[in-house]
Every structure is written in structure tokens, then in C-alpha cells.
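Letters A, B, C and D name the chains as they come in the text, with residue numbers starting at 1 for each one.
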Amino acid sequence: MTIQHRKDEHIELVLKRNVTSRNLTTGFENYRFLHCALPEINFSDISLTATFLGKKLKAPLLISSMTGGTKRTGEINKNMALAAEERGWAMGLGSMRVALEYPESRSTFQVRKYAPTIPIFANLGAVQLNYGYGMDHCRQIVELAEADALVLHLNSLQEVFQPEGNTRFAGLLKKIERLCNKLEIPIGVKEVGWGIDGKLAEQLISIGVSFIDVAGAGGTSWSQVEKYRTSHPLLKQAAESFSDWGIPTAECMMDVKRRVPYALLIASGGLSSGIDAAKAIALGARLAGYGRSLLKSAVEPTPEHIINHLTLIELELKIAMFGIGVSDIQGLQKTDRLIPSLRGD
Amino acid sequence: MTIQHRKDEHIELVLKRNVTSRNLTTGFENYRFLHCALPEINFSDISLTATFLGKKLKAPLLISSMTGGTKRTGEINKNMALAAEERGWAMGLGSMRVALEYPESRSTFQVRKYAPTIPIFANLGAVQLNYGYGMDHCRQIVELAEADALVLHLNSLQEVFQPEGNTRFAGLLKKIERLCNKLEIPIGVKEVGWGIDGKLAEQLISIGVSFIDVAGAGGTSWSQVEKYRTSHPLLKQAAESFSDWGIPTAECMMDVKRRVPYALLIASGGLSSGIDAAKAIALGARLAGYGRSLLKSAVEPTPEHIINHLTLIELELKIAMFGIGVSDIQGLQKTDRLIPSLRGD
Amino acid sequence: MTIQHRKDEHIELVLKRNVTSRNLTTGFENYRFLHCALPEINFSDISLTATFLGKKLKAPLLISSMTGGTKRTGEINKNMALAAEERGWAMGLGSMRVALEYPESRSTFQVRKYAPTIPIFANLGAVQLNYGYGMDHCRQIVELAEADALVLHLNSLQEVFQPEGNTRFAGLLKKIERLCNKLEIPIGVKEVGWGIDGKLAEQLISIGVSFIDVAGAGGTSWSQVEKYRTSHPLLKQAAESFSDWGIPTAECMMDVKRRVPYALLIASGGLSSGIDAAKAIALGARLAGYGRSLLKSAVEPTPEHIINHLTLIELELKIAMFGIGVSDIQGLQKTDRLIPSLRGD
Amino acid sequence: MTIQHRKDEHIELVLKRNVTSRNLTTGFENYRFLHCALPEINFSDISLTATFLGKKLKAPLLISSMTGGTKRTGEINKNMALAAEERGWAMGLGSMRVALEYPESRSTFQVRKYAPTIPIFANLGAVQLNYGYGMDHCRQIVELAEADALVLHLNSLQEVFQPEGNTRFAGLLKKIERLCNKLEIPIGVKEVGWGIDGKLAEQLISIGVSFIDVAGAGGTSWSQVEKYRTSHPLLKQAAESFSDWGIPTAECMMDVKRRVPYALLIASGGLSSGIDAAKAIALGARLAGYGRSLLKSAVEPTPEHIINHLTLIELELKIAMFGIGVSDIQGLQKTDRLIPSLRGD
């Protein structure tokens, strides 16, 4: 199976099958906002503007790293880039290893022309540093994407569940450190849906990583996705047992925030409404990222659908802010109106 | 759409559709009464009499502010007024802005002739103070209704979910304060189903508000109601996300009571049985208010149905008092037999 | 409706309709036994013998007060008496007011001939002391039943839900005290399914009551039973609201035990298996009583069915004792192997 | 009924009927692993090797004592032995009393020829020490099985639910002690699915037992199995009441570990996936045992199915270790990444 075919297959499966974790939720349902009946602000005055890595955003929101490499996924990237630019969100590209191996696929990652002003993140599996990729390749993909940052993803279990997976994860911390020291632009690290805990976040920050996207559990589960792909019967069965593995996103945020209070954080993994973003930001995130939940709108032939979807999330975020009486993102970050749910429901 | 048409539509939707909050309850189920097997009183000696704003009531109960402005809603108000007088309850009128704008609608609020002795509350959206309404208008509606008090409702989120909504809520506290200083009769403040918390209650009392109706979550959800009305697709979708927003009524009571122990309080939002009233009063309410749950009886052509409904609630309240061995409302307020439920069920 | 007809109707309803409390359980499910894998006893050595009011019992178990007064209920009493004697249980008779008012019904309570050796309890509603009944009547029914004790039942809410109910409960404590001082045999007090709490138990013991049957909630709910009987529409509806009223039996036991550790206690209300009896005894009960759950076997034409049922309960009690390695009731009373359930299920 | 017929019937029932405990789980769901996004190890370096009683194992896993005595169960034992040898697991034989009574059945336990290197456990009901069996018989079965240890099972409740059951459990501790002092090879003690608690474990270790298999509740329930077998109506009904009896396996582990931290422990009872084994080991087990969940593969005509099943469990165990970044069993035993589940689900 070619790497390109895999990319298309991932999109198909995420759209058509049940690929979310089972008996596990994001943990955002354990928090709720204490309504403020007299907000003392005008709804029209609410502002979502934010900055990330020195760039202005119209909203503290992110389209998570998802795809690229094939004709179809190139069109998805284009739609997402046009929408992100229009609404002022940040955007992540999918893993760009394919661009290094198959030059003809490169254009599918070149979305800067559709999104001249927003932060764009190039993306590579951290484990590739153990499989022959290094500084030069990283520079290449960053340039290709005209990216503001390079995001390395940690996906140990996904690799295990791919029969062709790259599962040599030893010694990566050192290699990431070297990359942080040498690369000209900021490096972020993310998971792909099982979450980053506080201890690891502390290590990553201490070796020079600029920002962390916790990419926690409760949304897309990659063991579930790969379960549908694999023809290896034992891996298929084992995948079932791991459908509730991972650290819920809200819990990642709490743990990371406790260990590295000043780290630049992105919360993602299972977010769907704008209320989720409001909770994520109140828990300490600078950006709130959406992956799978945006995909259905992003695969439409024209960008209006995904633009509408982003607008909906912003509207919900604004209403949540109106509901607790804060008029800007700084206020949301400092609110004391996010409180524990009574019984987690 | 005219304001009158909206009034009729609200009644229709509340009667015919599922408009209650989802995954959210009043919180009264977290409390239960400790049965007293030997009450040492006679059932026939139990008295529900109470006073509110100096007027005598046969029961510490309130028909919540709901409607008026059209032929149909005028008849509902008439039924409710006749029933409230018969049973000795207090009664709130729906928002009277329509009466200021459409003089022909005024008579639908003139229920004093049907209810000469009970406390009647005039009603206006607090936000209207930011849209051209002031002292004079307030006086007008109070006179029109021959009301004992003016109740201002806080409905920030309802306004957001109305495409035509009035969402400028800045600076209202000051304006309410001025009104409190000048108006000849007491001013109360209520929510419409998302609840008032302790901090805001404290502010309201400190600026001169005479009483607070917490109108908490767990009953009618106005985002749900407006969801059915709106044709704006993003608002419709956003409304779904807010179906569990708000502070459960019992929680409002606890929080407000903790912050302003001596405030005059009304508990409403999702009450249905007389046991709910008993709990509300044991939690510190002077009156317990019922909205949506009364509507089905109130829209019947003759007042017997709503009279029967009020009688049922009183009977349940009395039985609850018999069950814990208290014979009057003062005793109920002081009971130590309201205790936490084992597991909230 | 005659009092006799009511007795037959109660039996019918309890057998055929759902008359148990809703959203409320006995609380025994909050406790479980810690298995002892090496009991170090022989199953055949396990003894259930106990004493109550100086009489020997083959098992610390009681058929709760249920019936009498009509031909049919007389046969039920006969079956129960034969079974209780055969298996060595104690037995309660149903309320004997009918025997005072209708001499022809007396024989239905005269079960001593079928059960010469066991403790038998005569029974009367405590509230009758406010309706013309006194010392002499009590003596009459005790003699009639050749009873070892007189049990007064407290059933305030049942009386409320009966249109013809006797609801003057004022001043009863004093009257019970007088009875305790004068009557020649011990007086017990019980509820009928809403439970007796610690505070009341303390009062009852202090005025001379010899034993208390908590008769808690989680089993038969008399508001549910009367709901089916009444033709009064408001009472019918109100009964619905009270289907979860009352103190769960296990909670009564904990509360009463805390306040009056040395009181002689019977645990009843919702017991069905012999494991329930084991828990009740480990929580401090001297006898464990079964009402509704025995009725289906008791109404069979011959006593074998109810005898079998009692034997089953004894067998389950014995197996539970074997499971925790105690060989007699004293050991069960002192066991430290009754522990809280993990999550109440 | 012959003892052999019973053996075949047990297999049938366990395969075809619902024989697991009701409203009771292993307790492993109360624990979860905290994912480590950067494991810093290579998947291929993960080693499962372990030792037990001085013998090397390729995995710290055990096929629990299940069967033998008839033609069919002999074949099952052969399949399991071949698989255990192939995968390097330990293996327990079913109760060998039948081999003592029926010499023709002996060969069904002689699996050493199929499994020359692994630890094999001979098995006998401890209660048989009260029914004429002693040192000599134990030696006989150990020799017959060429076993590395003798495991005595405690099955008090199973015996109770067998009409023909041996229920004299008095004085066993002393007899086990004597056996421990005299027998040449180590003696282990296990339950059969209701669990061993800390207090008993402490006693067993203090009298010389070499290892304990807690065999807790949450998996096979022997009251459920015997319920299907018995024709005794009271026992059948009583069995229903005991379907949630027993100490959940994870709870046994916690309790035993607290009382005898250095004891050699096997965790079994309801394990199904390799994640369960990982949790069991992190909770302090040296081996994790699987009973009923292996049976379906073991009854297949050829050993591949059970071999595959064992391989799957190992794979899941390895993936769990990769997920928390430990590369050997010692690391797993010491991990601090096993944490309480949020809500036990």
C-alpha cells in the first residue's frame, strides 16, 4: 500500500466509520460554566482576537493537522486554508513525509497562497527522526509550506497498529532537543489523540519545544481507525481492547497546566462545539483545535461549508462568553466561572 | 414578525414541543426529606398561609410571569388571575413592553379586576432600559397592571438566540439602581431559566432590589424554545449546544442564600410538584414559582383546570409538611429534615 | 366501603400491581459482604437460633404484620401461622381494629392454635388512640390473639392517601407512653414502609417502647397502594409524587443504631432474599421481617408454598453466613465483614 | 452422577450459558493507565520474560486450573499444554481428585510430555483434606502430573451449591499447614472466583503457603454454573441471590498486597484482555491467570486457536507496556502510571 493511498483511506474511514474512542470522553463534560445573568456587556462588543507566535488571529482557534499528499486531500487542504484565512484561524497541515518522498505531492501542502496571513504549521512524525529524517528534511518541509512553525507529532500507538508501522521510539527526546536548538522557527509537539501528560510536557518545554498541543483522548481514536484498515487479525482484535486508551483532553490540560503553568498550550482532541473551546481556553489553552469534527464540512466541493462551520464554532464561543459576561479572550482565560460539573454529566 | 405573534408562538411551542433543558435538572433531586413517622400534628391543622410584600397569601406560591399581549394570552392571564385569587397565590404578568407599544393590547394585562387581593407583579425586560425605556414607562405598566411590584427579567441568552434580539446588556446595573431609588413600589429581578448566582444576587440587593426570583435551570430552556422559532441556521445549531446551560434552581438557592442570607427570595425554574415547593422553601425561598408546568391547565377554556392544578400543588405541599411533621410555613423554613440525597436520584 | 372490603383489596393490589417505591431502594445494596474463602466451619454446623422477648426462635426472622379480618385474609393468616410455627419464625398479625368493630371477624386473628410456641404480635394503628381506642381495646386484641406483644403501627401518609383516613396524629406520644406504663405485655412500634429515624426511635425508647420495627422504604409503598384504590383525582395524582418518599431501610437501621445502640430492633421494609436478612442482622437487627415478598406464597391454598419460601430465605441466610465464615447469629451480629459497596450497585 | 460427567458438564455450561457474575465486575475498570506519549523505547525491545518458582517463562501469564478427567477434557488439557509450552506460559491442571478415584482418567492430566519446560500446577480441593485425602494422595497427583507445585483450591460456596457438595470446611488451616511442612514442592492456594482477602492471605502465608492466586469475582461465577446443574429447587433459587457475591479481583489484589506486600501472587478471575494482565501486574501480581475466557479457543480440535489466543493477550500486554513506556515486566511492576479511573467506567 502506498503512503498516498493510506491518506485517502484515513479520510474515508474517519468520515464513514465510528472512529471515536469508546467509554471515554474528553473530560470537558466534567466542567461547566456558572451562568452570569447580568453580563454587563454588549454582545456585539465581544472580541475573539488573539495572537499566536506573534501573528494576529481573529479567533483563538485552530484547524488541526490532518491531511495532504493526494489530489483529494490537496483539495481538502485548500478548502481548509481558504476558510482559515477568511475566519482568521490558525491551521495545521498533515504529515509531510509524503512530500519528501514523492515530490509530485508537494503542491497539496502549498496552501500559503490561499492563506497569506494566518499561522500555518508544517507537520512530521517525531519518530521519523529515527528513520533517516533530520534537520534538512525539516527545513525543506517548513519552506515548502511557508510555515510559521514545525509541529512534530507523537503517535506511538498508531504506529503499533499499522502493520507497516515505525515503532522505534527510543532516543527521540535527544533528537527533538537538537532540532529545537538548530531550527530557525519554533517547534511544537503534539499527540494524535491519546494525549500528552504534565510530566512529558515539562520535559518537552525544558528541551526547547515552543508549544504543546495535548491532542487528548475523547475524540478520534487512531486504534479504531487502524482497526478498520488492518488485515492482521491479531492487531484488529487488539485494537478493540484499546478503544478506551488515552488521557482525556481536559485532564491533559489540567495536568500540563499544573506542571508547566507558563507553557504555550493548544487544547485539541474531541472538541466539537464552541463551548468546548471556551472551556479549553478557561483551562489554559491559547488555541483550541478541531480535527475530525470539521472534516465533513471540509470535504465539500466548495469552501462555504467549512467557512460556515468555523463561523458556528465562533458564534457558540461568543455566546458562551456572553453567558459568563466576558468580552475578550483575556477575560475568558482568567474567568473563575468554569466550575466542576455536579456529576460529570 | 410582530411582537404579538411571538407571544402566541411561545405559548404554542412551550405546550407542544420539548423545550426543557437537556442533561440538566433542577437539582431538587439532590435533596430529599427525612420522613418523620410520628408527626404529632393533625393534617387538618396544617396551614400554608404566608405574606409577601405585606400582603397575605393563602399559600407561599406564585404563578410565574408568562404572558399577555394577544387575545389568546389575555384569556390565559384571566384564567390564571381567577385561579390565583381563588387559591390565594401571587401572580406574575408576562413582559409588558407590548402594552407600551400597542395600546390595544393593554387590557390583556388588566387582571386586577379578577384578582383584587393578591400580589400581582408587572414585568419588563431589564435590557429594555438600554433600548429607550425608563422610569415613565415603568410607572405606566405598574399602573396599568395595578401591580404590587415591578419585576425586571434578565434574559441575555434568550435575546442572543432571537435573530431580532436586544443584546446590549452593558451598564444595566446602574440603570436598575436608579430605578430602584425612584420607583414608588418594590422592584424584583428574575432570570428566565438560566438562574441567578450568589454574587449577582448580592450586587442586586446592594443596589436596592427588593426581591430576587432565581428562575434557575432544569425547566423551560429558552434556547430550546428559540431554536424552534429561528430560521437562522447557525443560531439553530448553536442553540443545540446550549441545551444544558444554566445554574440548576436548587444550586441558585444554595449559592444566593449563602451570600445574602436575609434577602427576600423566590425559587422558580422547573418546579412541578408541591414537594418541589417544600424543598424550595426549606432551602430559603419565600415563594415557590411555577411556569411552564401550569400552562397546560391555564390554556383550558375555563379556570377550573388551573384552579385544580393549584390545589393539587398545595395538597402535595401539605402532605410533605405532614410527612416531616411541620404545621406551618415558618416551621418548614426552619426544618432540619431536608437532607442530601444519597446519589442524587 | 367496609373495612373488610379494604383488607381484601389491599391483598389484591399488593399481589397484582406495582406497589413498590420508585427511584428508591432499601439501601441494602450499599452494603456487601467481604467473602471469606476459608470459612473454617462446617455448613451443617451453622445455627440460626435466636430469642425474642424471651421466646426461642429457630431463625431470627419475622413474617411482618399484614392481614386479617375477612375469610380470605383469615386463611392467609392461618397459612402464615402454620409456616411460622413449622420454621420457628416470629409472626405479626395485621391491624386488629376490625376485630374490635366486627366480632364475627375475630377468628381470623386467632392463629395461636396453629402456632403454639412462636412470638405472635397483635397490631393496631397508633392513630386509633386519637379515635376512641384505649387501654381496654388493646387488652382485648392482645387476649384475642394470645399475643406476646402489641405492635402499634405509625402510618401517617397512608392515612392521608385514604379518603376516609384518620389523620389526627397530634398528642400520640403521650398516649403511647401511658399505654407502655399500663399494658401488661411489651409494646413495639413500627412504620408501614416509610421508616423510623434515629431521633424518633430515641423518643419511643425513652417513653417505654420495648422494641422498634423500622419498616423502612424500598419495598411496599403505601402511597402507591392507595393510589390504585382512591377515586379522588387529586389524591391519585399527589400519590405519584410521593412514590420515592421515605427513609431506606438500611439507612433507618444505621440512624437508629447510632442513636439508641442497645434498643431491640426489627429491620423490615423491602427485604426479599436471605442475604438481606444477613445484612440487616449485621447492621444491628434482632429480627429481619418480610412482608409483601411472602404474600404470593402465603395466598396459595396450602401452607407448603409459604413453608418453602421461608426455608429458601433461611438457606440463603445460612449460605451468606458460610460465605463469611460465621456459624451463629451472635457471630453475624458482630461481623466486620459487612462493608460499603463500591458504587452502591 | 459421576464425577467425570460433572467435568464435561462444567465445560459445556461455561461455554454455552451465561455463567459470569451479575452486577459485579473485576474492578480492573476502576484503574486505567496514564498514556506516555513519548515512550523512549522501541516496540521490538519489549520483553515479557519472567520467572516463577525458579522456572523461566516467556510471559508472566497463566492458563488457570480448569479441567481433566474425561476424554474430552483430556484433549483440552493437551491443547492448553501445547500452547502454554509454545508461548512459554505457566499452566494449571483441573482438580485431580478424579485421578485418584478413577485410575483410567489419569492420562488426561499427564501433559508434561507436551509441555516439558513450563511450570505446571497440580490441583486439589482443599476441602478434600477433610474427606479422607492427605499427604500421600497429594504426592501421588504431584508425581502423576510431574508438577512444579500443588495448588489447593478453596471453593466453599461451590460445594454448597452442589447437592452432593463437600461442605465440612472446619479445621482446614491446620491441615494445610501440615501439608506445607511436609510436601517436597511448593503449595499454592487459590479460590475459584469469589476471591481471597488480605486477612486470609496473611494467614496462609504465615502457615507456609508459597503463593496465592486470588481468583476473584467478576468472571466465572460458580453459583451461576451450579444453578444450571442443580435439580434442587431451593438451591437453584438461592444461587440467583448469590450472583453478585465475591470480592472483585482488583480489590483482592489491593487488599492482599496491603497485608502481605512480599507475597508471591497470582491475579485471576475475569481477566480477558492483555490490558487486564498489565493492570494485574502493576497491582502486584507475578502472574496473571486466564480461565473461562480461554476455553472457547481451547476446545477447538487443534492447538492453533488457543496458541493464537495466547499470542493476542501477549500482544495487548506489550502494547500496553509500549503505551506507558516500559520495556520489561520489572518496569511494569514498578510503574506509577496505573491510576484510578475517573468514574469507574
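The criterion applied here is as follows: contacts are C-beta pairs under 8 Å (C-beta built on N, C-alpha and C of every residue); 3 or more make two chains touch, one makes a residue touch a chain.
Nothing here was measured: the structure is a model prediction, and the numbers come from that model.
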Given chain B and chain C, the chains that contact each of them: none
Farthest-lying chain, centroid of Cα atoms versus that of chain A: C
Angular offset of chain A relative to chain D [C-alpha, multiple of 5 degrees]: 90
Whole-Å separation of chain centres (CA-atom averages), chain A against chain B: 44
Centroid distance [mean C-alpha coordinates] between chain D and chain B, Å: 63
Sites on chain D at which at least two other chains make contact: none
Contact graph of the chains (line, ring, star, complete, other): ring
Pairs of chains found to touch, sorted by chain label: A-B, A-D, B-C, C-D
Contact set on chain A toward chain D in their complex: 23, 27, 30, 126, 154, 156-157, 159-160, 167-173, 191, 194-197, 200, 203-204, 217, 233-235, 237-238, 241-242, 244-248, 251, 344
Chain B - residues contacting chain C, complex: 32-45, 273-275, 308, 311-312, 315-316, 319, 322-323, 342-343, 345
